[in-house]
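I've put the structures underneath this note.
In the two complexes that follow, subunit A is the common piece, with subunit B as its partner first and subunit C second.
And then the complex of A and B:
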């Protein structure tokens, strides 16, 4: 979950998020390289009062400052495309979860099991928070998922556009009425993972969070069985 | 005329905008062929002389055609100031502009700060209960128990065996 004054990403809880963080670090280091070179050149140019500003032609300079950026772009683009395709990789998920966005809560359906499980997930209002609950993040019901399991999430909406996002899992997809968006993820370790609605959807857009509870398969089975017909 | 004189004549002939410069002499192409005067270190040869010619200056110009050792310091200065406005030292001299710039910037930042203080005192409601020290401690303990950010974040800094922060 987000921590106070954090500048970087939340720790990754899924392999895709790990890859995204690595790519971000890689792209940022290239950015720092470019910024250092450019600011160095800029400062040298400004503080030097004796240069020839009438320099109008230099083929070798133009060749360099065309090829170097092209090379930089290649170094950024290839890993980026790699991750793009990794995200769309086809798996055979063990569990399918359906998420519907409403104004202003999420509802979830698990239809893989003998009984159809459906429930709604509302934010815990600030006045009703226990002392150790997280304001604007904790919900009354959580999305329980077994960890180390490939999950398919089909996301849609019942009214306006919302967006289902859990940063530590590297997942975000719009919930659009009349459309099913599919995301696939796997959670590496048990725990609670928080997210918030990521598409403006009205007055309480900031107050419809998502809590994913990744747990052991045994506990997940017990939780499923607890939903009686 | 010598071949080396031809480019100079072509340059001077190409200068335009002469109607605006009074009787000041065109002496070169300048930066872009416009008849203007500007003191700039990177383009040290303006297209026109700075001052209009006077009989005194004409006399000095004639003297300049002879032996330069015969020119006094005052002559040289007068000739320079007729053709140019500032010397290179004057162009490079610090202006002290930075003091007023920094001063004004800090002044406006201060104004912004006071606006924030006013808003904090008169506008904002009190922060929610979850910000109280007791609640924050409880939330922190729950974050540690939940192993939030266990890879290299919060929980990775907690020593679970000894129940304290890692040293």
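And then the complex of A and C:
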């Protein structure tokens, strides 16, 4: 979850998010390379008192400043495409979760089991927070998922466009009315993972968070079986 | 490169400070291909600077980040982590068993989930 004065990404809790963080660091290295070159040339140009009024063309210079950016783009693009295809890979998910965005809460459905499990997830109001709960992040009902299990999440909306996002899992997908968006993720370790609606959807857009609870499969099974018809 | 040579001499000998006379002589600057040579020199310098900057970023930030993740999973115990969260009451759907037992993997299927319930809002 986000911590005070945090500048970077949240700690990755899924393999995809780890890859995204590593790619971000790689792209930052390339950015530092380009910025060093550009800053140096800028300072040299500003401080240079020599002027060549007869300079008309330079084929070698043009070749260099065409090839160099192409090479830079190649080094950025190839890892990016790799992660893009990794994200879209479907790994035969064990559990399918359906998420519906409403104004202003999320509702979830688990339809893989003998009985259809549906519930709504509202933000815990600040006045009702317990001492171990986080303001604007905790919800009354959490999305319980077994960890180390491939999960498919089908996201849609009942009214306006919302967005289901959990940064530490590297997941974000728009909840669009009349459309199903699919995301797939796997959680590496048990714990609580928080997210917030990421598409402006009205007055309480900031007050419809997401809480994912990753637990052991045995506890998940007990949780499922605890739902009475 | 223009070399400026400065030579100061005393006209009336070393003791004569009033007759100070300074000669400035300059070597002939090479203007042909000047920008090109400057560019090549600057390119070498900037290549070195950029290499140092990228290597520094990799050594200081990128590689330690990957190592931190690798080290975390080497020593990570999910059972201990899960049990500590459960004992603190952070998980909504887990049964609190005997706190002296670190982790009872064999969950009793008949034991009810006392702390798990779906909350239904009755007021807004």
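Here is the rule we use: the second predicted complex is superposed on the first by the 226 of 229 C-alpha atoms of A that agree within 3 Å, B and C clash if a C-alpha of one lies under 4 Å from a C-alpha of the other, contacts with A are read in each partner's own complex, and residues count from 1 in each chain.
Note that in this section contacts are C-beta pairs under 8 Å (C-beta built on N, C-alpha and C of every residue); 3 or more make two chains touch, one makes a residue touch a chain.
Since this is a predicted model, take the numbers as computed values, not measurements.
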Following superposition onto subunit A, is the placement of subunit B relative to subunit C best described as a clash or a fit? fit
Quick check for you: in the superposed arrangement, does A:92 touch first (subunit B), second (subunit C), both or neither? neither
Answer with first, second, both or neither: which of subunit B and subunit C does A:49 touch in the superposed model? first
Inter-chain angle, subunit B to subunit C through the CA centre of subunit A, in degrees rounded to a multiple of 10: 50
Going by the contact rule set out at the top, does A:1 touch subunit B (first), subunit C (second), both, or neither? first
For A:132 in the superposed arrangement: first (subunit B), second (subunit C), both or neither? both
Who does A:59 touch here: subunit B (first), subunit C (second), both, or neither? neither
Looking at A:144, would you say it contacts subunit B, subunit C, both, or neither? Reply first, second, both or neither. second
Which of subunit B and subunit C A:40 touches, first, second, both or neither: second
Name the contact category of A:114: first (subunit B only), second (subunit C only), both, or neither. neither
Between subunit B and subunit C, more residues of subunit A are touched by C
Let me test your reading of the model: by the given contact rule, A:10 touches which partner, first (subunit B), second (subunit C), both or neither? first
So after superposition, what is the minimum Cα distance from subunit B to subunit C, given in Å? 5
Identify the overlap between the subunit B-contacting and the subunit C-contacting residues of subunit A. 12, 50, 52, 132, 189, 191-192
Contacting residues of subunit A [partner subunit C, same complex]: 12, 18, 21-22, 25-26, 28-29, 32-33, 36-37, 40-41, 44, 50, 52, 55, 61, 119-120, 122, 132, 140-142, 144, 147, 188-192, 213, 215-216, 218-219, 222-223, 226-227
Going by the contact rule set out above, which residues of subunit C touch subunit A in the complex? 34-35, 38-39, 42, 45-46, 49-50, 53-54, 57-58, 61-62, 65-66, 69, 73, 76, 78, 81-82, 85, 88-95, 105, 107, 109, 112-113, 116, 118-119, 121
Where on subunit B does subunit A make contact in their complex? 41-43, 92, 128-130, 134-135, 138-139, 141-143, 146-154
Spell out the part of subunit A that touches subunit B in their complex, as residue ranges. 1, 3, 6, 10-12, 49-54, 126, 129, 131-135, 189, 191-192
